[in-house]
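Take a look at the structures listed below.
Two complexes follow with chain A in common, the first pairing it with chain B and the second with chain C.
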Partner chain A sequence: MTTKRKQPEKALQLYRDDKAYMQMLMDGLSLDESEEAEINKGVIKAVLDKYDEVLDCAENDKPFITSWFAYAAEFFTAMGVPWFMFPQTAFLGIEAPHVTDDIDGAERLLGSDFCTVLRLSLYYVEAEMSPTPSACIALLHPCDGTVMIHQAIKLGKWRDVPMFGADPPYWEDERSYEYYARELRRMVDFVTEHTGYTLDIDRLREVCEESNKEYALWQEYNELRRVVPCPHDWTIGPPQCFAMATFYYPGKPGGAEWFKTLIANAEKRVKAGVSGVLGGEKIRMLWFDILPLMWQFDIQPWLEQEWGVSIVMNMFGFTPYEPIDTKNEDTMFRDLSKRSLTEYPMIRQARGVADHFLSDIERIVKDYKIDCVVWPAHMGHKDGSANTGMMREKCRELGVPYLHLGVDIFDKRYTSVDEVKDMFSKFFSSTGLGQK
Partner chain B sequence: MGAWKGENELETTVKSKALQQFQEATETIVNPELKKWIEQGGKVVGYFCSYGPEEIITAAGMVPIRIRATGSTGTELADAYLSSINCSFCRHAFNMGLQGDYDFLEGLVWLNNCDHVRRIYDNWIRKVDTPFTQMMSLPKMTTDVQVEWFRDELKILKEALEKHLGITISDEKLWKAIKLHNQTRRLLRQLYELRKKDNPPITGAEALAVVVASTAMPREQFNDMLKELLEELSDAEGITDYRARLMIVAGILDDPAFIKVIEEQGGLVVTDSMCFGTRILWTDVNEGASDPLTALARYYIQDKPACPRMFDTQPQRSKFVRDMVKEFKVDGVIGERMIFCDLWTGENFMLGGDLKEEGIPFLKLDREYIMAGAGQLRTRAQAFLESMGR
Partner chain C sequence: MTLFDAYIKKLADYQQELRAKGRQVREIYCPTEVSELTEGLPVRVGSQDSGGIILRGDTFLELGNPEAGSCAFLMWTDKPPLIQDGKITLIGPDIPESPGASLPFGQVLMVGGAGLGEGEHALLEGNQFIADQIEGYMIKSVSQLMWSRVSRDAAGKGFNFETLGRALMAIFKSAVPKIEAMEVIFVTSSKEDLQPLENIDEQVREISHNITREIWQAKGYDIECTLSWDCRSCEYKPVCDEIREVVRVRKKKSKKTKTAADS
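Our next item is the complex of A and B:
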């Protein structure tokens, strides 16, 4: 099946450029033969493979789709359909020199208080900087922004790209899981209709079994992060685990192997009592949101070096996942539905009742011996920011200091690096954490 | 249309007691009619959002009122729980809840209509002691599957109210309530019909006051008062001295003062697509259906003009606005949104594009819930009218 879609050359070039940047990182890492470097090489290889997959489809007129991590990518693995995550360009290009110009371009479309990653995603479509897929799976939760961005995309350059959205219920109960399972069945039919790829249930079972192994290994790795000191620094851990399990290797061979390598290294470090933070871990932090991607090189190394902070856990690294019951088709759809509604990060916390914000904080603080909780308050996360009082009270109850920052995770200009550092310094000083 | 002579010119020529009562109802939460109801032992249930199924509350023998933050002057209490990127309506409304302004409510119903309001639910149930609270899961799509889902949600609400009050809400009571609310809608549409005239007998600010009042007092009284007003307006002298006919497209806009500022510049607001406007009155619940809950579910999910949060409805929403422009002979459209509202940011972006294609002037306006920056609004409205050559 061919797509007969004309691909914007600018998009393909951007993908080639981004891939070249990743290749450069890989080449740099190849000089490092440490186990830690091997772990990161595995992730970069997955990124490069994804670029290759999308470029191959786009350049050779093969069907491919765009979707989101929250749609149980096990389905796509089982169907064999190539896909990329809709905001991938925005996420992976976050350190690219053109990104501030892109944000300005996005502002001309949707103003300045709409989530920047979503604004950017629309901009990349409208500026023809994103490859045109055969079909688009729209995400209708956890926030208003996702619902609106997909409607807007439907009107512009992707007017002719078929789009599907699964209706997410608010509740967490059997009625909701069954309802959403039916929505996921519709999604599979939609993908088949527009790409020709079909779902074989035995193949889905194999994929889910493989995926179960990955999630179990991820959980095992997280057990090791509970140890004091945390075995890995900011360059290894939760973000990579999340990306590998939900996006790059969901149920694919190679995923479990990567996790095993990660665990082996962490175990070795734990046994040797090696701290991820050079100079010693002084403050164990829960960063309860997406990590500060735009300024990760500014903030995270500084936190480690200046204050001995280990970001032991973040929202995306937390693992509330339950294994998928592979007994039959219905159990798999039901469990993947439940995962899609209540386990993936951000969806779990932000879609329905606010309780997960509080119960997750409590569980992580207790399990991971957390010293402080940071709510970055990304400007797009309005529902989460409406929980700030509840989170503060929960932290008081647990006896851990709570910091509400107020940043744009994708734009340093919103709150500058210096301002963020200043907020952290005052926080650590005033709470006494800096004296540890 | 006469030449524009300056500010403060637009108002109805009718000196109506009913209109005055409606206007008073927009200036407070507990208006005299509602106060009378409460003093007589009647119960009141609030709801957020135009999808609030007020018919079920009426069928339970209570008065449904749409939650507003009218009269709020600050958000000091709410700001301890919410943040500066939450919309000011929510901050003011929750603040009023915290300071006890809504203590008279027997119950409160939410839907997960937007990121801000659904979090008010989480905060409210922890911090405000309202006897009955209920969240409803509102679908984001509008097929028959979602009608069926929402019917179940309505049934859950009905049963929860029955349990709370120790009553039975029969189909007969539901149909009676549906008929009552349909009558409100029909009467309001009659008011809108009058606004189609070349010389409408009522301003946009006055019409907004009427619609707001329709969500704020016992419906029987409201309907009687509106009949009285319609009678008075039927042969009233219309407004002639305006520069242009405008339409407002917005979410929650419950303050006539906002429209008054625009109308003071000569832009007569003749219609809208708003939550306190056509979105709650343009269609009726089907009284011929066999099951009242299904009829209500179909009305809310499929029949009423949709909110931008309903994913698969943008073409209909856009068409609705364009049809209204034709029907009401609108010269220009103002898209208003509350700052930090992603739903209306997206909607105005899309609608602006559609209207541009058809050559319909469109102005985007941001605002806070409390009427502030009237000077800036005045300037923007003036410039908009001038850009239309008016």
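Our next item is the complex of A and C:
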């Protein structure tokens, strides 16, 4: 059953403005005919298509939902239901130029201690700057903050929006996967009830097979990033791969094509021995969290130019994914459940036992020839920061220097850019990494 | 007796079952000293000897692609006689016999040393993923799967499972001098043949997780708790204690039910 909704005009205008900004970036890139630019154009096109899809639904009263990357979007692709990721605007980072003002608005609402990406998402709803979906899939892990924002909007501006949250178990065993698979079945029923879109199992199989191709290609690309020097600079790589596989093209044919283009370019650069970092790669870094989305232009080019740093891998770029077994309905639900609980970044590390913080660091450091590990200690990731002692201990065992920063990934005013640069410089100098 | 000893015996039964099913089983006995293990190998072994990654186009064959099947684990014991030092068992086709193939891959590493204990567990576990230490052999960076590639160059030089097994033995014995004996099993026959191995793997993983938890607990950390501070000063301690008690009772109850059902 579908529900007709009146959309807040501010939200539609914001979406149109954001789309226009993204179009401007696309127009700028169109002057560049390099292969690398083509790769980025593919991502921006995906973002534009998503804006069009959501705007079309909102303006023409078609059903659509909001959800999170951690809910195996293969289901939504198979059902054909349009959706947007709840914290989408915050995740676009620097590509959404109004975000800093919005953070100030969010601060007036919620103070400054709460994870900025969650504050922002709540603020957009309460300030009527988010399109009102037909239904909302709420995320109940990995932190208390996600639960709280959904409770808040359910009591606030979205009190009439039907909401569903799958109950995540703590452990990682067969019983947990089966339990969560049943929760995902309830989610599918919920989406059908509120949008009219249904799940056809044969279609889900096709989508999972396509998704398997994408994830395999993403893993293949990551192998290429193990090469010294890493073939791509900060403008291409893990963030785009994550967005394309989990959000923009999950199980859609365009996704695999994009990954093939990316790999072809990376292979060419590897064979030619081309370094992504101009002037030569000197330090290979694992940035163990989301990349600093709101201060990309301030930090990443500086790290490359000043210190020869290549952020070879980050938490969202790592691929611990196992393919979905498409044998039957049960295997698909079971494997998508496992992926949702234990493979998507941040959920994987922060939801349950702390094993993954340690095992992922060990594996990445060895496989990617990492010289140093940075835990940015995003102010919202208190769960992870509680494990900083263990991560430091693990890095000591591995013999790689570890840096705990203390920043807001989404707001460069929390710890200033100059302070962060100073921390990095002292770190590289004192560990001798800068002398390579 | 270490926690893995029972599973070392189960592995012997597993191999016996595959022999009874008529699988091709080859046993190779290698030298036991590190210097002898690497002597005469067709590829280099040691840190940064892989020469980089292996591109798809340069791949002779893949092992353990998830579609083909993959299962790998390690067990250690403080009773070296349980391990046949230097023995490699290959069940299924060898690398040179399978150009262009994507073979299922089972890899079991068994190490023994009177001095081995929980203190070496993390090092032994981590060593399974050998990164760049074998020329022409690359393990893909996918956690929980042993998915690897052999390069055309290495295959051309004669790289086979004996090479891989000897290289692994050399790497392990160099990294952990307390190892007195090491045995390796490779399975490439079929995905179905990996199934019993996966059942053993599941139990081995649980033991391994428990050992890891205890190691971190000794350092003052609880890896099963994301709060990560000392339990004695944690306000949630009564809640955790109650949950642990419920889990304990539940396990006891389900064990009783199972025993009753079995009898």
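As a working rule, the second predicted complex is superposed on the first by the 427 of 436 C-alpha atoms of A that agree within 3 Å, B and C clash if a C-alpha of one lies under 4 Å from a C-alpha of the other, contacts with A are read in each partner's own complex, and residues count from 1 in each chain.
Here is the rule we use: contacts are C-beta pairs under 8 Å (C-beta built on N, C-alpha and C of every residue); 3 or more make two chains touch, one makes a residue touch a chain.
Keep in mind the model is a prediction, meaning the values are calculated, not measured.
K.L.:
With the two structures overlaid on chain A, would chain B and chain C clash, or do they fit side by side?
P.N.:
clash
K.L.:
Figure out whether A:Leu140 sits in contact with chain B (first) or chain C (second), or with both, or with neither.
P.N.:
The answer is first: A:Leu140 touches chain B but not chain C.
K.L.:
Considering only the touch criterion stated at the top, classify A:Ala127 as touching first (chain B), second (chain C), both, or neither.
P.N.:
neither
K.L.:
Going by the contact rule set out at the top, does A:Leu184 touch chain B (first), chain C (second), both, or neither?
P.N.:
neither
K.L.:
On the A-aligned overlay, A:Glu322 touches which partner chain: chain B = first, chain C = second, or both, or neither?
P.N.:
In the superposition, A:Glu322 contacts chain C only.
K.L.:
Looking at the overlay, what does A:Ile290 touch: chain B (first), chain C (second), both, or neither?
P.N.:
A:Ile290 contacts neither chain B nor chain C.
K.L.:
Applying the document's definition of touch, where does A:Val228 land relative to chain B and chain C: first, second, both, or neither?
P.N.:
Second partner only.
K.L.:
Just to be sure I read the superposition right, which of the two partners does A:Val374 touch: chain B = first, chain C = second, or both, or neither?
P.N.:
Neither partner.
K.L.:
Contact-wise, after the overlay, does A:Asp167 reach chain B, chain C, both or neither (first, second, both, neither)?
P.N.:
The answer is first: A:Asp167 touches chain B but not chain C.
K.L.:
Pick one for A:Ala354: touches chain B only (first), chain C only (second), both, or neither.
P.N.:
In the superposition, A:Ala354 contacts both chain B and chain C.
K.L.:
Where on chain A do the contacts from chain B and from chain C line up?
P.N.:
Common interface on chain A, chain B vs chain C: 350, 352-355, 383, 386-387, 389-390.
K.L.:
Using the touch rule from the top, collect the residues of chain A that touch chain B in their complex.
P.N.:
109-111, 113-115, 138, 140-141, 143-145, 147-152, 154-155, 165, 167-171, 175-176, 179, 182, 350, 352-355, 377, 379, 382-383, 385-390, 404, 406
K.L.:
Using the touch definition up top, name the residues of chain A that touch chain C in the complex.
P.N.:
219-220, 222-224, 226-228, 267, 270-271, 318-323, 350, 352-355, 358-360, 362-364, 366-369, 383, 386-387, 389-390, 393, 397
K.L.:
For the complex, give me every residue of chain B touching chain A.
P.N.:
Those in contact with chain A are residues 80-87, 90, 112, 114-116, 118-120, 122-123, 126, 135-141, 145-146, 149, 152, 308-309, 311-312, 314, 339-343, 345-347, 349-350, 353-354.
K.L.:
Would you pull the chain C residues touching chain A in the complex into a rising list?
P.N.:
Contact set of chain C toward chain A: 52-53, 55-57, 66-67, 122, 126, 129, 131-132, 138-145, 209, 212, 216, 219, 221-229.
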